[in-house]
Every structure is written in C-alpha cells, then in structure tokens.
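Shared between the two complexes below is subunit A, which pairs with subunit B and subunit C, respectively.
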Partner chain A sequence: MIKFLSRLGKMDRRIVFILLLAAILIPLLFSIRQRFYVDEATRRLYDYVDRIEPNGRPLLISFDYDPQVAAELDPMARAVLRHCFARGVRVIGMSLAPQGDAIGEAIVTQVAREFGKKSGVDYSYFGFRPGGTIIMLQMGVNAKRALPLDYYQVPYDSLPMMQNVHNYDDIAMVLSLAGSTYPYSWIIFAGTKFRVKVGAGQTAVMAPDNYPFLQTGQLVGQMGGMKGGAEYEQLICDAGYYHKPDVASKAMSAIAYSHLLIILLIVLGNVGYFVSRRLEGRK
Partner chain B sequence: MSTNIWVWIAALLSLCIFSYLYKDNPAFRFAEHLFTGLSVGYLIVLYWNNYALPYIITPLADKRWITLIPMLIGMMYLFRFVPKLNHLILIPIAISLGFWNGMSIPLTIEADVLKQVQGTMINTSMLSNIWHPQNGLAVGLMVLVGVISTISYFYFSREHKGVLRFSSNIGIWFVMIGFGATFGYTVMARVSLLIARMQFLFTDWIHLIK
Partner chain C sequence: MKRQIPLMLVLVLGILFFVQFFVPSQLSMEIYQMALQWSIVIGAFAIVLAIGSLVNHHTLKIKRRKEHFWNSYVTLFALFAMAFLGIFGRIESLSFMSAWFRKLFLYVQAPMDSAMFAILAFYMASAAYRAFRARSKEAMLLLISGFIIMLGVVPFGAYLWGRIPDIAEWIMMVPNMAAKRGILFGVGLGMTATSLKIILGIERNWLGGGGK
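Coming up: the complex of A and B.
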C-alpha cells in the first residue's frame, strides 16, 4: 500500500491526460447538468446592460481577443449580444486586437441574423482598429475619426445608427472582451479620462487582476472565464431573453468534474510525495 | 459526421496538435508550422490594409505631405540595422516615451493609485450593511488589513522583527491566497479551452453531442 502511494507522485502524465479526457467527455456525452451560482460581478454587468434604454445610447463591444482564447470569450460575446438585441439595445462592435477582427464579425452577424437585426441600423461593426490606446482616446474626442469606415467599407456618416454618436457621451458602456490587459487600458484611457462606464469579459487567467477595479466601481461588472459566459447565458435565459442555454452552460458540468479530478490528483500527488520522502528517509 | 470541408480541416488539425500529448511527431509539427505561417500571413495583410493603406499610402496619394513627418520618424527605428547611424533610433524612442509618459502618468495615478487608495478606506456607509460582499464593513476591514500587511511584507528597509514580522506574516497569507485564486482561475482557463475543443470535435465534427 505504501509503495503504491509513493508511486502516485510519479504518475505517468499520459494517465493524467486520459483521466482528464474522461472527466470532460462523460458529462458532455451524457448531457449531465451541473448547478452553478451567478457571481456578483456578472450580475452587476447584466443589470447594467438590462438598464440601457432600448434604441437609446448604444453599447460598444470591443472584441479585443485572438482565436487562442475564443473558447472562453465567444460565449460571453454571444450572450451579451443576445441580451442587447432581444431588448432592442443597439450595438457598436470593433476590435483592438488584429485577429479579433474576423471573430467579432462572425459573432455579431450570427446573433444579428438570429434576431433579424440590420447592419447600420441596429448594429454597426467596425472591425480591427489599429492603434490601441490611441483609438480609445480618439473615440472620446471624435468617434467618426476613430472609426471612419465600418467593416464593409461603409462610411460612418452613411450608418443611420451612428448619426447621434459623436464620442463616449453618446455611448452607454464600453464592454471589452479580452484575454489580455485591454480592459485595464479601457479603464484608464476611456473610463478615467472620459468618464464612460467600462465593463469586462476576461479569460479566467486575467479575471482576478480586475477585482480591485470591481471593488472601486471602476468596472461596472465582469464575466470571468467560461463560467462568466455560462452565468450570463443563465441570466438571459431566466429573464426570457433567450430560449436555451448555449455552449458555456453545457460545459459547466465538464468543468466541475475536471476540477474535482484535478483536486484529487493534487491531493494524491502530495500524499505520494510525502510517503516517498518518508520511505527515502528510512533507507 | 460533418460534411463541411472546413470543419474536417479544423478537426484533423486539432487532432494533429493533440498528438503531441503522446510525443513529438511530424503531424504535430506540420500543424504547428501551418498555424504560424497562417498567422503571420494574416497579420501582414491585416496590417497592410489597416495601417499602411489608410495612414501612409492613401494620405500620400492625396498629397497630404505632413504624413511624411511621422512616417520618417517611425522609419528611424530601422537605423537599428545601420551600425553607423544606430544612435538615431533614440529620436523615435524619445518621442514615443515622452508622449506615452505624458499621457498615461496622470491617468494611471488617478485610476491605479488614488482610486485604489480610496477603495481601501473604511467609510461610514459601510456601517449600514456590515456583511455586504462588496461594500460591507467586514470586507472593508479585510481589504485594509490585507493591503497594509502585504505592503509591510514588501518593506525591506528594516529587519522583519516584532510588529513588522507579525504584520508581514499576515501579509504572506494574503499573497498566498491571491496566488491560489489566480492558479485556480488558470486551471479553469486551460480546462475550458480543452472542453471547447472537445465540444467542437464531438458536436460539430462527429455529431455525437446534441
């Protein structure tokens, strides 16, 4: 028994991979549903979007992420867009990350099609805008100069919904979806300088960094990782804005079981380490 | 099974990448190099269309000669490759540093220092709801103790003895809990990426998950 325990610390990594694969696939294949609670940070973001006046000031969603982290951020983008379009809130889309350009376009057009929304009227997508913080600052002074043409090369002035959008004063909130520090830049260069409300959707790796800004109210709210996306999906389904949970909600059971497995492996690894150290001490 | 060729390509490339979990192999290296090449090609086209065309080519074609000034300053970075004129790259660096520091220091002090210090303070509004998860007195006290003890741990100008030792010992607990939370989130991030790929393979590709 002691020898077996000592071997646990040196378990072949391929066994770990197989166990993890099983912990993920079994809940997915058998559609096992797991209960999860909605975090305060996600609820605050949802509540703020829920208070935006339909056909009033639009919500700006910045797709500041690359395909590497799309698995975590795509569900958030879809959930927020469904929430907006179901309520008649207009949306401006853009991206400060080069590869977010096509990702944003695919998601915005997919959700717009679901709700029968028209480009230029109910939403406008501007694609990748190079310059990062320069664009954030320029938007505060003159949005038209920052976003001269939309993704389909239509001039700003020809987009009916952009007629009354001159700067951040005409935008209800900036929501930055990112796997890096873009939301932090939005807080500084848009939130602090121009007093526009900023929300974030962050990968789980980056989410903890934003808690100080949530506590001070510099961030309206935040969705953290795939769980954040699942929470938002849950909230819009509970409120009747959308009929069924999407991919993030379906993944929650796989996340729960894989986390349990990882906890178990950490405990067993530590047991194995201490037992083998004791055995070596005896020798 | 999917009949979409792009789904098949994406699925087979995903399997090539996963094959590395067993050991390094030509299929993995092919997918890796393909990804790198595609990313670079995509970025070159994107930057040409979004940087070079609207900010350099079009203005120059319209005879807006003022564009030449920032363009030439930017091109000075290329003197990095000319040993005799190497020192000239200090000009664009100085301009960039001056601009960015002037622009970001006041804003960063306001957002990152003043607001955060304000967020650490206990105020009378916290007394109305002691256990509120965001603005309650209990959380306020915890934040205050956490900030002071963590800063005291990073105070190296005096030996950690007596009160300073007690305070820094508490600080290290806060630091460890912070690291633990970050690690937990990181695990969730990596697992989420794997789950999403499995969802793609088993839903979009072989239609096993409805």
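Coming up: the complex of A and C.
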C-alpha cells in the first residue's frame, strides 16, 4: 500500500495527458452546462454597457488579439456585440494587432447578420491600424486621421454613424479584448489622458494584472478568461437580450472538470511525495 | 557625429514633448499631431526591416542547407502568398483573392495557432502535477490559495461551499492586488528613471554598437 502511495508522485505524463483530454472532451461532447457565480468585474462591465444610450455615443471594441487566444476572447466579443445590437447601441470595431483584423471582421459581421445590422449605419469596422499607442493617442485628437478608411475601403466621411464621432469625447467606452497588455496601454494613453472610459476582456492568465485598475475605477469592468465570457453570456440571457448561452458557457464545464482533475493530480502528487520522503527517512 | 545627432534629437524632442503634455496650446497640439503621423511612418519602416530580416534569415538557411532548411521554403512561400493575396485582393476586380486570403487566415492559420496554444494546457497540467509540492510553509500557502482560486472560478466551488467564490475574489482583490500594485509602482519608477536616462544621454544602449 505504502509503495503504491509513493508511486502516485511519479505517474507517467502520458497518463496525465489522457486524463486531461478526457476531462475536457467528455463535458464538451455531452454538453454538460452549469450556472455559475458572476464575478463583480464582469457585472460592472455589463452594467456599464447596459447604461449606454441606444443610438447615442458608440462603443469602441478593439480586437487586440491573435488566433492563439481567440478561443477565450471570441465568445466575449460575441456576447458584448449581441448585448449592444440587441439594445440598439452602435459599435466601432478596430484592431491594433495585425491578426486581430480578420478575427474582428468575422465576428462583427456574423453578429451583425444575426441582428440585421448595417455596416456604416449600426456599426463600422476599421480593421487593423498600425501604430499601437500612437493610434490610441491620435484617436483622442482626431479620430478621422486615425481611422481614415473602414475595412471595406469606405472613407470615414461616407459612414453615416461616424459623422458625429470626432474623438474620444464622442465614444461611450473603449473595450479592449486582448491576451497581452493592450488594455494597460488603453488605460494610460486613452483613459488617463483623454478621460474616456475603458473596459477590458482578457485571457485568464492576464486578467489578475488588471485588478489595481478595477479598484481605482480606471477600468470600468473586465471579463477574465473563458469564465468572463460565460458570465457575460449568462447575464445577457438572463436579461432576455439573447436566447441561449453560447460557446463559453459550454466550455466552462470542460474547464471545471479539468480544474478538478488538476487539483486531484496535485493532491496525489503531494501524497506520493510525502510517503516517499517518509520511506527515505526510514532507510 | 553619428552618435551626437541622435542624442541631440532625443534630448530636444524628449523635453519638447514633456512640456507639450502639460501645455496643450494650439501650436503644441499641431506639433504633437505631426509627430504622431511621423511615428506611424517610422513604425511602417520597422515592418520593412522585419520582413527583410526574416527573408534574409531563411534565404541563408536554404543556401547553407542547414538542418530542417525545407521549413524555410514553407515560411517564405506562406509569407509571399499571404502578402500577394492581401495586397492584390484590395483591387476590386481581384476581390476573389481577398476571399482566399480570408479563408487561408480563418481556416489554416487561426486553427494552427490555436492548436499550438491549446497544447500548453497539457504541459501545464503535467508541470503542476510534478512541481507543486508542499515542501515549505510558503509553498503550502501558495498551494492552498491556488486550490481556492481554481475552485472559485468554476461552479464546483460554490457547490462545495457557498463562500469559496467570495474567498477566491478576496484573494484576487486584496493580496493579489497588493502585490500587483507594488510591482506596478516599481515598473513605473523604473520607466521614469530609464526615460530620463535616455533623454539625458546617460543610457545609450538604444544607439546600438556600430559607429562612433
């Protein structure tokens, strides 16, 4: 028995991989869904978007991420877009990451189609803008210079919804979806300098970095990882803005079971470690 | 002169834009706007340099028949094919190229990138199993807080005990934030000190090693 317990700390990594694969696949295949606790940061973001006046100042969503983290951030983008379009809030889309360009376009057009929204009237998508923080700064002075043409090469002046958008004063909030420190830059260069409200959607790894900004109010709210996306999906469904939870809610079950498995593995590893240490001590 | 001119430019522009931030007059705003446009143009040159460097690296690899040199053919082909489709797809009569560009990105590049990232989950699980040992009191504390956070973000936490999500949130909002804030202050002070050193010409590493 003691020998068996000591071996628990030396499990072959292939077994770990197979167990994890099962913990992810089974809940996904059998669509096991659960309700969960909604984080304060997500609720604050949701409440802010919910207070934006329909057909008033638009919400700017910056798709600052690459395909690597799309699994976590795409559901957030879709949930926020559905929330906006269901309420009649206009949306400006753009990207500061080169690969975010096509990701953003695919998501914005998909959700716009669901709600029958028109490009240039209900939303405008500008695609990738090179320059990073320079674009953030320029938007504060002259949005037209920062975004001269939309993704489909339509000039800024020909987009009806952009007629009253001159700088951040005419934008309700900037929402940066990123797997890196883009929201941090938006806080510094747009939020602090031009006093525009900033929200964030971050990967689970990056989300804890933003807690100081949530406390100071420099971030309106934040969705953290797959859970943030799932929480937002739950909130818009509960409020009746959308009929069913999407991918993030489904994926949360896989995450829940994989977390449990990892905790179990760590416990087993520690049991094995302490038993083998005791055995070595006896020798 | 090769070093003096960049140093002088950095000193003058550094002080100018420092003052500009605090004096937002019409003139200073115009200078600021012009500088922003210049920065975008200079940024575009960085892309040219990056592409040049990438092409150079892989061409050399192919010429010297280095190990796995055939991967360089794939890289170069992908680079030029995507650039070709992306640039010419903007022409109205060649819009089918734009559709191809989009398809290649969404159905080839995006899944490959996502798959690479997804593999990390398996390594992380294996590493957590092997490395997280309660060897000391500090390690034990880290383990317990890790367990609470992991349980707090999934529905099981609340099923086990209703207060686990609250405790997880408290850990994130108090100890985690205190540590993050300390780090942020350090980073901020470090950035200020480094910027001052660059503006005043004390820190010169950014000039590179070539020329006198």
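The working rule: the second predicted complex is superposed on the first by the 283 of 283 C-alpha atoms of A that agree within 3 Å, B and C clash if a C-alpha of one lies under 4 Å from a C-alpha of the other, contacts with A are read in each partner's own complex, and residues count from 1 in each chain.
In this section, a residue touches a chain if its C-beta (ideal position, glycine included) is under 8 Å from a C-beta of that chain, and two chains touch if they have at least 3 such contacts.
Because the structure is a prediction, the values reported are computed rather than measured.
**Q** So, A:I188: does it touch subunit B (first), subunit C (second), both, or neither?
**A** In the superposed model, A:I188 contacts subunit B only, not subunit C.
**Q** A:F115 in the overlay: touching subunit B, subunit C, both, or neither? Say first, second, both or neither.
**A** In the superposed model, A:F115 contacts neither subunit B nor subunit C.
**Q** So, A:L28: does it touch subunit B (first), subunit C (second), both, or neither?
**A** Once the two structures are laid over each other on A, A:L28 reaches subunit B alone.
**Q** Which of the two partners, first being subunit B and second being subunit C, lies in contact with A:Y241: first, second, both, or neither?
**A** In the superposition, A:Y241 touches no partner, neither subunit B nor subunit C.
**Q** Considering only the touch criterion stated at the top, classify A:I262 as touching first (subunit B), second (subunit C), both, or neither.
**A** Both subunit B and subunit C are touched by A:I262.
**Q** Scan A:F36 for contacts with subunit B and subunit C and give back first, second, both or neither.
**A** second
**Q** Check whether A:Q218 is in contact with subunit B, with subunit C, with both or with neither, and answer first, second, both or neither.
**A** first
**Q** Counting only touches as set out at the top, which of subunit B and subunit C does A:P130 meet: first, second, both, neither?
**A** Both partners.
**Q** Using the touch definition from the top, say if A:K250 reaches subunit B (first), subunit C (second), both or neither.
**A** A:K250 contacts subunit B only, not subunit C.
**Q** Both subunit B and subunit C touch subunit A; at which residues?
**A** On subunit A, the overlap between the subunit B and subunit C contacts is residues 17, 20-21, 24, 40, 68-71, 99, 130, 137, 204, 208, 212, 215, 225, 227, 255, 258-259, 262.
**Q** Which bits of subunit B are touching subunit A when the two form their complex?
**A** Touching subunit A from subunit B are residues 21-22, 39, 42-43, 46-47, 50-51, 54-55, 103-104, 107-108, 110-112, 115-116, 118-119, 133-134, 143, 178, 181-182, 185-189, 191-199, 202, 208-210.
**Q** Taking the touch rule as given, give the residues of subunit A at its contact with subunit C in the complex, in rising order.
**A** Subunit A residues touching subunit C: 11, 13, 16-17, 20-21, 24, 34-37, 39-40, 66-71, 99, 102-103, 105-106, 130-132, 134-135, 137-138, 141-142, 145, 153, 204, 208-209, 211-212, 215, 225, 227, 252, 255-256, 258-263, 265-266, 268-270, 273.
**Q** Which of the residues in subunit A end up touching subunit B in this complex?
**A** Counting only subunit A, the residues touching subunit B are 14, 17, 20-21, 24-25, 28-29, 31, 40, 68-72, 98-99, 101, 128-130, 133, 137, 148, 187-189, 191-193, 203-205, 207-208, 212, 214-216, 218, 224-227, 247, 250-251, 254-255, 258-259, 262.
**Q** In their complex, what parts of subunit C are in touch with subunit A?
**A** 29, 32-33, 36-37, 39-40, 43-44, 47, 90, 102, 105-106, 109-114, 116-118, 121-122, 125-126, 128-130, 132-134, 143, 147, 150-158, 165, 169, 172-173, 176-177, 180-181, 184
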